[in-house]
């Protein structure tokens, strides 16, 4: 079975932006629901951080970027990788640890990479991606390439030195970095209130003289609009931009998390604002979406997931004899 | 041409900047100040602020930026003023530079060179006197170099920049003023250890700032009729076991000199390799001359006592030779 | 607490493989008790212990190959109580710290070179750090012995599994060492055996075949008795000096069906009656060929007697088995022309030979020894 991008290009092109945003949110949701199921079935192991509830952020943001832009993401990056064009088949194979995975099974859930699509990975050290994004943007600037480097991170990263150092360098050197903070209110189990003296994240970013925007991260159109605006400024050479996307994860931090730190009532309240649910309701109300059309999009997403699972199941393991490969580019073991 | 180690480094950097537009130098005070050790003095005016890039005191940030720039197609040379401050950047060096190639299944490479001064001996006290080469030599994905001669100072940068993977270069601060003749052919590899002085009775194995001390010890021993070999490791990762084993296999005795602390040191690794590879050639237990297990003190006499010194190396050689 | 160490069961043995423990922790053992079976290059040998005590801990597992001198077990002396937990176990570590009884301090390189040069480790004096034997010590010892470097003996798994090849190697090492280190001299004496033969025929008359005496037993006893007057033929040359041994433990050369030979000890030959010696000799030959010798039988011989008469040879000029200092050989017992007074008669006779170590004895004493042997064999009733 070949890894294929299941999304028919023609259909995508014909679809309106709102419908495509919905379709992509559904793709992420169905992919991750299947991941949770497969984790229980022990097909996927290690850490598995699900994005369920936050899909509007990656979806709205990636649709505001150009195909050639750099993306640096976190360990909760399945959706970002998928929407940047990494085939769901190879994402799933990666989570299975198969050689056909997008990182040859060496990375797993937290380290999805696609060099050709300028997707510089799942970085699993909180804040670790920010300096990398600064450097990617620096390289583009020094080579005269007009390109935006989008860097996703959570609000937890804003307590790290890497955030401050990265923001400062990007602002000091006026580099084309688009800082996209997905504020889901909890750094693992520590609420924003309990970890930051300044809980207004835009104020923190603004202290580096970086322009900021705040958007409702549960509203895919709002995200798309904010990021579009920010990306345009960055691309124009105005230096970095900071966008806070206020969102919420519906599931635990990882599959190991018993969720002792937040109230079920709070979770349920946020679920009322579920990005897929609300957005599809809005489209239906506006007459842009029928229930049949929604079910068709959902079935398309489910089919893509089914194909990805079959692909991952059928894929082979990298031979243990290859263990020492991919340590250095020359393949020689150091 | 007789030049200093500092001048050799300067020549290498200038050549790199002149020959490849992707190369740029970044670090604290590399520009207007001219480099803490004056290696890049004058470059700011010559190559401009874009390519001789002063950074804020943000080791984690600018090392990470160097890694990102390498990912983005540049050939950055990042100068961390000293190994002591590299601890602030350790996350980026270990978790990003060394791992990205592997985590991406071989898709991306990080062609980055990180230079840093290392070592003690100038009464800079505990926080500015570290020798932590072994920390970096522990990490798969990095290449770690320790130029100890004028030729290596001149010659190692070019192959390091040509390496598609991250290379960490340790320049011992005590070596910058060292002078020697630079031969016409100063090209060198970054693969193999070098025998700096052939000998027959024991192998003294050292690197970086300990190499001149090992050579002085060999001179002292020679005056007493004891003929020892001096091996300069040069490449701390991957270790050139073949050269080490060949030397010790011939001399049957080894003294390893390392300015790092003994416990968990590179010297420990070298001794382990010797035992693994030439156990049946050993005629005496290998000896180590390392720093004493104490933070490096400020007072001169105490600092001297804490570090490997020529008399200690001589004594260790005599001990393994039982003479 | 004391260690029970793997004894050297012959000059050619420097390691052994533990086959089986005959005791377990807590067992009381008596001096002379067989406590383990060890496979040497030659045979599976019952290893005896030479002190009374109680087994405290077994340090080596069956199947392990260990060098001579390795502690196999620790034992408590009579009346000694077990140590507190955590007391460091003596002798387990092969280092100098364990004291005088620890294994030889020798560098790996020196050990390897000694093996290549055929230098016996036990004979080496160390001048290295802590008295360790170094390469230089081995080379000096080899040079002193005038050693030519023998070709490297075949090694490796294939050779090691081949018992015959292993024994060949062991014999090669011991005999090479003998010829390298021991200045042999040789003497021959033809001994009339008419009286002995006559006496033997009488003695065997009426005995069932299984209880009949062989001439070989008379010869052994005669050698043992002769030795009493020539202590310089009986004992060991070790560490540059000769140690005479009072008891005559005669190593009897026994060829093996699969090739090779072993010369285990027949103990206290001078003190035992012929009947008993005959029984013991029969048993020794049987056990040697079955591969179940006792450790003392391997290490105790003070002299070796070889008898190749049955193979029809006239006489045998033997190679001394180090660290012994003499070897007596007997050829074929057959009638020979003999001048008896003025008459030429057919006389049953045997040619006895002596190979002896010139460092310990001279030809004059050797000749007197052979004369004594001849006289002893003329008085068979006194044997």
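Chains here go by letter, A, B and C, matching the order in which they are written, and residues are numbered from 1 within each.
Note that contacts are C-beta pairs under 8 Å (C-beta built on N, C-alpha and C of every residue); 3 or more make two chains touch, one makes a residue touch a chain.
Note that the structure is a prediction, hence the values are computed from the model and not measured.
Number of steps on the shortest path from chain A to chain C, with steps defined by chain touch: 2. On a Cα centroid basis, the chain most remote from chain A in this structure is C. The highest number of C-beta contact pairs joins the chains A-B. Taking the mean of each chain's C-alpha atoms, the chain whose centre lies closest to the overall C-alpha mean is B. Chain A and chain C have Cα centroids separated by 82 Å. In this assembly, the C-alpha centroid of chain B lies 60 Å from the C-alpha centroid of chain C.
Computed from the mean C-alpha positions, the centre of chain A lies at a distance of 40 Å from the centre of chain B. Chain A meets chain B in the complex at residues 70, 72, 101-107, 111, 113-116, 120-121, 123, 125, 128, 130-140, 142-143, 161-162, 164-166, 168-169, 172, 325-330, 332-334. For chain B in complex with chain A, the residues that touch the partner chain are 22, 24, 50, 55-56, 58, 60-74, 76, 91-92, 95-96, 100-109, 140-143, 164-165, 237-238. Against chain B, in their complex, chain C makes its touches with residues 107-112, 127-129, 132, 134-135.
Residue ranges of chain B in contact with chain C, taken from their complex: 252, 279-285, 319-320, 322.
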